[in-house]
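Just so it is clear, A, B, C and D label the chains in written order, and each chain counts residues from 1 on its own.
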Amino acid sequence: MKRPAAANRESFRAFVSLQTRWADNDEYGHMNNATYLSLFDTALSLWQMQNGLDIRGPQALRFLVVESGCKYHAEIGFPDALTAGLRLAHLGTSSYRVEIGLFRGDSAQAAAEGFFAQVLVDNSTASPRPIPDAVRKTLSQLLPVT
Amino acid sequence: MKRPAAANRESFRAFVSLQTRWADNDEYGHMNNATYLSLFDTALSLWQMQNGLDIRGPQALRFLVVESGCKYHAEIGFPDALTAGLRLAHLGTSSYRVEIGLFRGDSAQAAAEGFFAQVLVDNSTASPRPIPDAVRKTLSQLLPVT
Amino acid sequence: MKRPAAANRESFRAFVSLQTRWADNDEYGHMNNATYLSLFDTALSLWQMQNGLDIRGPQALRFLVVESGCKYHAEIGFPDALTAGLRLAHLGTSSYRVEIGLFRGDSAQAAAEGFFAQVLVDNSTASPRPIPDAVRKTLSQLLPVT
Amino acid sequence: MKRPAAANRESFRAFVSLQTRWADNDEYGHMNNATYLSLFDTALSLWQMQNGLDIRGPQALRFLVVESGCKYHAEIGFPDALTAGLRLAHLGTSSYRVEIGLFRGDSAQAAAEGFFAQVLVDNSTASPRPIPDAVRKTLSQLLPVT
């Protein structure tokens, strides 16, 4: 099981600073595996809100997570200061795949890389619905430069 | 993005009962995405300890998680009573891939399916080391019946 | 700072079984201080729902926590099986104080004791409102026998 | 149950910036009660490490929490930016009581106020031991100016 090469900062399009907490470390003295996803969640939500996407409240855009994943390259944990890099690997009619790199301090290489595959659903029926143009425009800022 | 068919209980080899908590639900009223991994962690750890594997303390087996993932088929959350099903998809020289299905109440189909790819490492050097025979024998109980 | 004597099981009126999780332990190898409150929350919520109190959804009773506290008598943590004991120390017009004891395995003495002071508030205005008679009757099951 | 007046920033001696996370909010849409303690923990630990106290690793100072508490004055939650204020209410031979105020954004009044009563214990025996002079000197920076 060869570990893949870790992504560099330049491969991401937006960045969010993240703080670790005392309780993030489990009894192995490093960040618990589940906590990485909680940080991915936070980074993506903060970026979406900072870019005008309404993801809270009754009229909010409801992006359902259908799949998530994480590759752990190097151990991190409290009290590390972290930076999350964000990029879009796919932007479909009603879904997207966002990839997140987690960087420790000033490190150029990601200590962890994860993704969320999300589908925009109707708030009442939970059925997939097309991503509105304005939202698509915002999300496409995270697409790779071609 | 078509959702894959959810796994059935029969495809798993061991089961662990899991409890949800009030704080597991996020403001969407369902279990937060990261919490699923925390439940996978708990199910696997409990099974390992119940089967005599020493995963805590200074002389413990140290299985490093190199990759994790989760597919979310149906929403679950507090106060659901859950059952985790466990099976091994791969058992290599120093690594394995364990798959976990999360079942809500008496449901026959998994509400979520996840995995951990783990490598046994030396406690001091953190380098991969072969899984000892006794440990391999225990873990192989989770392999599919052929 | 002398530690107070720990409460016995007999001093509580209702009991809820609780499960610990791998991630509950922090790097000291014992349950993180904050997790105790999460378990108190869960025990009280489960008891309220099992006794017919509607604490979720748009028409739910909304009990706001105005104060909480916890005394830690003995260390507990994953993989301990726990039992929470519940009792009411005060039942006022619109508020109550519930006390929770956390017992490890079959131990007769609480490993931790906590409380929540809660006020019933209006769902729209968040102003205190009188506890309805039916709810008061349910909660009074947790009052000490006199 | 009258809510006490909230503490002002001026009554604290040191400050730590804290970040909220998506998963901090429970299904009421505000920060879960237990998460406040996790933030107190983090603020105190960061301050201790920034001031040279060794609280991690095998030779670390081990401050055991014997009691904690929190008064909730106003609701906070993700995505609020928070500041924790720290002060010492008591510094004894082997114990202290640290009080923490949690401030939302630029607010002058604490949204929540909590405390930890902690005892310095021997790493092997867990018995109380006197706080060393150098540590006492560091901690006394958090005592009120007289």
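The rule we apply is simple: a residue touches a chain if its C-beta (ideal position, glycine included) is under 8 Å from a C-beta of that chain, and two chains touch if they have at least 3 such contacts.
Because the structure is a prediction, the values reported are computed rather than measured.
When the contact pairs of B-C are matched by residue number against A-D, B-D or A-B, over half are shared only with A-D. The chain with its CA mean position farthest from that of chain B is D.
Centre-to-centre, using mean CA coordinates, chain A is 30 Å away from chain D. We define each chain's centre as the mean of its Cα atoms; on that basis chain C and chain D are separated by 22 Å.
Look at where the CA atoms of chain A average out and do the same for chain C: the two points lie 35 Å apart. Of all residues in chain D, those touching 2 or more other chains are 22-23, 27-29, 32, 34-35, 38, 41, 56, listed in ascending order. Chain A contributes residues 1, 3, 27-28, 32-38, 41, 56, 62, 64-72, 92, 94-95, 116-117, 119 to its touches with chain B in the complex.
Chain C contributes residues 22-23, 25-29, 32, 34-35 to its touches with chain A in the complex. Against chain B, the residues of chain C that register as touching in their complex are 17-19, 21-23, 29, 38-39, 41-42, 45-46, 49, 56, 78-79.
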